[in-house]
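These are the structures in question, set out in turn.
Heads up, the next two complexes both have subunit A, just with different partners, subunit B and then subunit C.
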Partner chain A sequence: MKVKKVLNRTILYFLVALIIVITLAPYLWLVISSFSTKIELMSRQIFLIPHNITLANYKDLMSKDFIPAAMNSIIVTSSVVVISVIIGVLAAYAFSRFRFRGKNPLLNLSLFTQMIPPIALIIPMFIIFKRLDLINHRITLVMIYLSLVLPYLIWIMKSYIDVTPKTLEEAAMIDGCSRLKSFFFVVLPMISTGLAATVIFSFIITWNEFFYAFSLTKTLDAKTLPVLIYDFNSKFGANYVMSATAGVLASLPPVLIALLFQKYIITGLAAGAVKE
Partner chain B sequence: MASIQLKHITKRYPGTTVPAVEDLNLSIEDKEFIILVGPSGCGKSTVLRMIAGLEEITDGEIFIGDRLINEVAPKDRDIAMVFQNYALYPHMTVYKNMAFSLKLRKTPKKEIDEKVRAAAKILDIESLLDRKPRALSGGQRQRVALGRAMVRNPSVFLLDEPLSNLDAKLRTSMRAEITRLHERLGTTFVYVTHDQTEAMTMGDRIAVIKDGVIQQIDTPQNLYDHPQNLFVGGFIGSPQMNLIDATVEKAADGYCAAFGETKIGIPEQVMSAAVCADYEGKPVVLGIRPEFISETGSHSEEHNLMTGDVDLAESMGAEKFVYFACEGCPCIAKVPGSSPIQSGESVSFAVDCTMIHAFDKETGLTISK
Partner chain C sequence: MKTKPLKKREKEPFFERHLGPILITPSTLVIFGILFIPIFYALYMSLNRISFRGADTIYKFAGLQNFINLFTTDPWFKSSFLVTLLFVMLTVATEIVIGVAASLVLNKKFHGRGFVRGLMILPWAMPTVVNAVMWKWIFNAEYGAANGLLLKLGLIKTSIAWLGTPRMAFFCVFLANVWKETPYVILLAIAALSTIPEDLYEAASIDGAGGWKAFWRITLPMIKPVLLILLITKTIWAFQTFDLVAIMTSGGPQNATNLLSYYIHFVAFKQTDFGSAAAMSYVLSMICFALSFVYIKVFMNKDENDEKKIKKHLKKKLAGAHEG
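== the complex of A and B ==
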């Protein structure tokens, strides 16, 4: 019996370790690569710690186009997160609390837009933005990302607001709140976990988006980090070291945010999933 | 402090044809404790919510004091409301829950503190002020909800089934506490409940509502003694009034209500001879409260006999509810707990004829005095 228990434990730990390795290995390799020299990286040896640890790649990267691209990413992402949360939460509140004509069709329509693959949309979108003279503008990316993020955000936040008792708002309205005040003082604090989860959600989707950014930006006026990383692979060959270094830096904000709010992601996903 | 007038109030929810409340008129005096009582879905909570401003009025007018409040926002009506599910803000401590309304009204901090602590003292929740609602028991939450309503010193207190989520023992003690609170605050209280014990024990007056229509408004004793229709007769009183289909017949010394072989005399003080003569040979519904059916006594002018087989005898300690069938009609008698009556027995009960009620079979309206 005891042997069986120990064996079970061992297998369990082994499997967990395997999953950790599979998950972390690519990222670990990214980090290792960013501290390696190009020559060493291209050698056929496999190593965990580079022989010549170097920060030159980072220095090099900073002198290249990293900072303007990072600024683009930060501006686009923060704009999308702020705008989508404001619009999304208020829209979700309206969908959850008010009766109005066309409510359900509108709600379903917002999700329907997500069923069309981006590849089918890119040509019409390109034509539209070209005619509007909006190719290679950050605002273009902001608009597109809002259309990507908002439907999910509305659906998730609606499910949170649905389970918030209406009587709390009514109590607040009797206590002296207007509808808007009762929303801010009572509803918003109650859906804060959901809000944190959706902030992370829209941040990650926007920060990592490549396809639209690649198709609709040309220069550093609007190019974001994922496009910049791709740019290191030119027709003259792939610059793995630069790609890896930019990759490490680009991955830091989402990782930090996820670590900071990991509690909310778990409770948020669970709470939003099921209507209680 | 304020009176409340509801004039020809109608509420129709969108998409429904039957109104939830129809042409309701109600006048509530200043400082009165009025109870709105009725079965689930009768529209009593809708009436309360319309007074609170949480529900739009389809038709009619509501006045608080002299002010027409149809279009006034809930926050400007000078009311406080206690909800069935307490509706405490879960992210705030008890103190903040109670201080919330005062803070919104920009009351000075010192005054807020004084008022919150004074209310907490009255409700005996001083030690809970730093706790969050989730760390409180049902009874404590209810007290906090009352406290939150109290601190504002509103002119009208609205209570929507505030005790229905509490256990029986707590309900009894909170019932007394709310009554005392009303006496102490001297404010108009409008209290919604489906529990007729709460209605009978707490209110100055009771409005019995059915299908959105007020059936009768009166003092608890008058409702019990003189129900205006079958519904009120059946609703008020526990166990409920025995309602028996009978026919008015002429007897040797007046009139009686007959069903099967059983005849219950109708004394002049219950129904005048003229009314009895009008109803002679016609079907009526006889109403006999269980407490006026006793196990002992002989057939006399004042006491007539009902015989039946006992189906069940429920002992409540001090009293016993005896379920029996008389002429095929299920009846309940309330007898002393010491009574030896057992299920299966055939028993003769004496009915106090002076306390019976009679209703028109068709209209359901009372025909007794």
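== the complex of A and C ==
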């Protein structure tokens, strides 16, 4: 019995170690590459830590369009997060507390929108935005990303508001609060966990989005980080060191936020399947 | 002084009465304006031959010709469709099997469990573009880590041209996709596993049903609703894979990784044949719509009834077996 137990523990820890290595190794390799000299990478002598740790790649990157692209990413992402939370939470509240015609069909349709292939949308969108002269504008990306983020934001927030007791709101309203006031001061503080989860999701989805940005931006006026990384990889021959370095920087915000706030993310994931 | 509040009160009822629709208007406009207008416009486009003359777009009604061409004259549609189908089936099946297996491991008690579970979020949170760049670099034939490691371990004698041959390239894209997407399955499966009451397993082990038997009879039925939703959503999203092949292989070599989304994008933006591209995208959409119809059905029925039924059924079965 005891031998069997020890054996089981050994197998368990072996499997756990395997999972850790598989998860971490590829990403670590990317990080190591970004801190290595080109010469050392080409000689294939690095296995754990490079002999000469260098920041030269990062310095190089700063002179190569990184900052304007990062600014575009930051502006687009923060606009989407702020706008989507404001209009999305109000809609979620309405869907949860009010009765009106067409409510359920609208809710189901919004769930369904997550399933439309982006490739089917981009073809007509390109023609429409071209006619409106909206190609290569950040505002175009903001509008599209809002439409991607809002449906599930509404679904998740609605599920949180659904389980908040109505009695507190009603008490506030009897005391003279308006409906919206009671929502802001009574309901909103109670659903702050859900709010945090949805803000994190909106951030990660928007920050990481590539397909629409790739199809609808042309210059650094609107190009976001993922598109810049694509360019490093295809234009003027693949520049692996630059893509690795830009990749590390571009992945840091979502990865760090996800690691720090994983509790919220897991509750959010469980609340509704979220497209990644 | 008395008239002012009265006016306010007169106005309030309208606003209050229509507060619901008013509150949902901005969101609804964005969602349906941005998504639904294009979807119908795409249908119109798919029924036309579209050409460009300067700044003008010229539409010529073509009926179903674009759709017919896909299956008769289009040189790559069929192969692209088959490659996509193979990719979808392989990735989804692998992700779910490995995901469930890993979630079972991570559901056991061991030191640092929270930390290891937390790590699973890393691939999920990473931008798909960075994932693609990362694997392209790892599979680089000359300087990549994959060849470096295999050579060092003596498992291969000469470097492998990972992304240079059709089969290997398909395998690399498959692997890159599995690495990024499996953790999502693990996270959801762990969440589902934690809802299974311990006493079910205790009862089962008293009856001598441990290990495999307990997995098939208790674990799998209990996490089945979550797996079903994962299966459908993963399938839909796998059909839409674009970023990976756009960066890693550009659909090649010899169209081995020419997934539909990438091919349609190519036809639209490189060959500027928007009519055919719209038709193809409609074929892809119909597949996704059919799957999402199933999804909504499943999603709506995913109330606790199912789980309760299973629990009751299992308890009865176990109790019966115990008495017998």
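Points to keep in mind about this one:
Just so we're on the same page, the second predicted complex is superposed on the first by the 256 of 276 C-alpha atoms of A that agree within 3 Å, B and C clash if a C-alpha of one lies under 4 Å from a C-alpha of the other, contacts with A are read in each partner's own complex, and residues count from 1 in each chain.
We adopt the following convention: a contact is a pair of C-beta atoms (placed from the backbone, for glycine too) under 8 Å apart; a residue touches a chain by one contact, two chains touch by 3 or more.
This structure is a prediction, so every number in the text was calculated from the model and none was measured.
On the shared subunit subunit A, the superposed partners subunit B and subunit C are arranged side by side without overlap. By the touch criterion stated above, A:Asp175 is placed in contact with subunit B alone, subunit C being left untouched. Once the two complexes are laid over each other on the shared chain, residue contacts for A:Thr167 go to subunit B alone; subunit C is not touched. Vectors from the Cα centre of subunit A to those of subunit B and subunit C enclose 90° in the overlay, to the nearest 10.
Subunit A has more of its residues touched by C than by the other of subunit B and subunit C.
Touch criterion met: A:Ile123 reaches subunit C, while subunit B stays clear of it.
In the overlay built on the shared chain, the residue A:Val186 is in contact with subunit B alone; subunit C does not reach it.
In the superposed pair of complexes, A:Arg99 makes contact with subunit B and with subunit C alike. Superposition on chain A places subunit B within reach of subunit C only down to 8 Å, the least C-alpha distance between them.
Shared interface residues of subunit A (contacting subunit B in one complex, subunit C in the other): 99.
Partner subunit C is touched in their complex by these residues of subunit A: 12-13, 15-16, 19-20, 22-24, 26-27, 29-30, 33, 41-42, 44, 47, 87-88, 90-91, 93-95, 97-100, 103, 106, 108-128, 131, 143-144, 146-147, 150-151, 154, 179-180, 204, 207-208, 210-211, 214-215, 225-226, 229-230, 232-234, 238, 240, 243-244, 247-248, 250-251, 254-255, 257-259, 262, 265-266, 269-270, 273, 275-276.
Within the complex formed with subunit A, the subunit B residues making contact are 14, 52-54, 73-75, 77, 79-81, 83-85, 87-91, 100-101, 104-105, 148, 152. By the touch rule above, subunit A contacts subunit B in their complex via residues 99, 165, 167-168, 170-178, 181, 185-186, 189-190.
By the touch criterion stated above, subunit C contacts subunit A in their complex at residues 16, 19-24, 26-28, 30-39, 41-42, 45, 57, 102, 105-106, 108, 110, 116, 118-130, 133-138, 140, 142-143, 145, 148, 152, 179, 181, 183-184, 187-188, 191, 229-230, 233, 236-237, 239-240, 242-243, 246-247, 250, 260-261, 264-265, 268-269, 274, 277-278, 281-282, 284-285, 288-289, 291-292, 295-296, 299.
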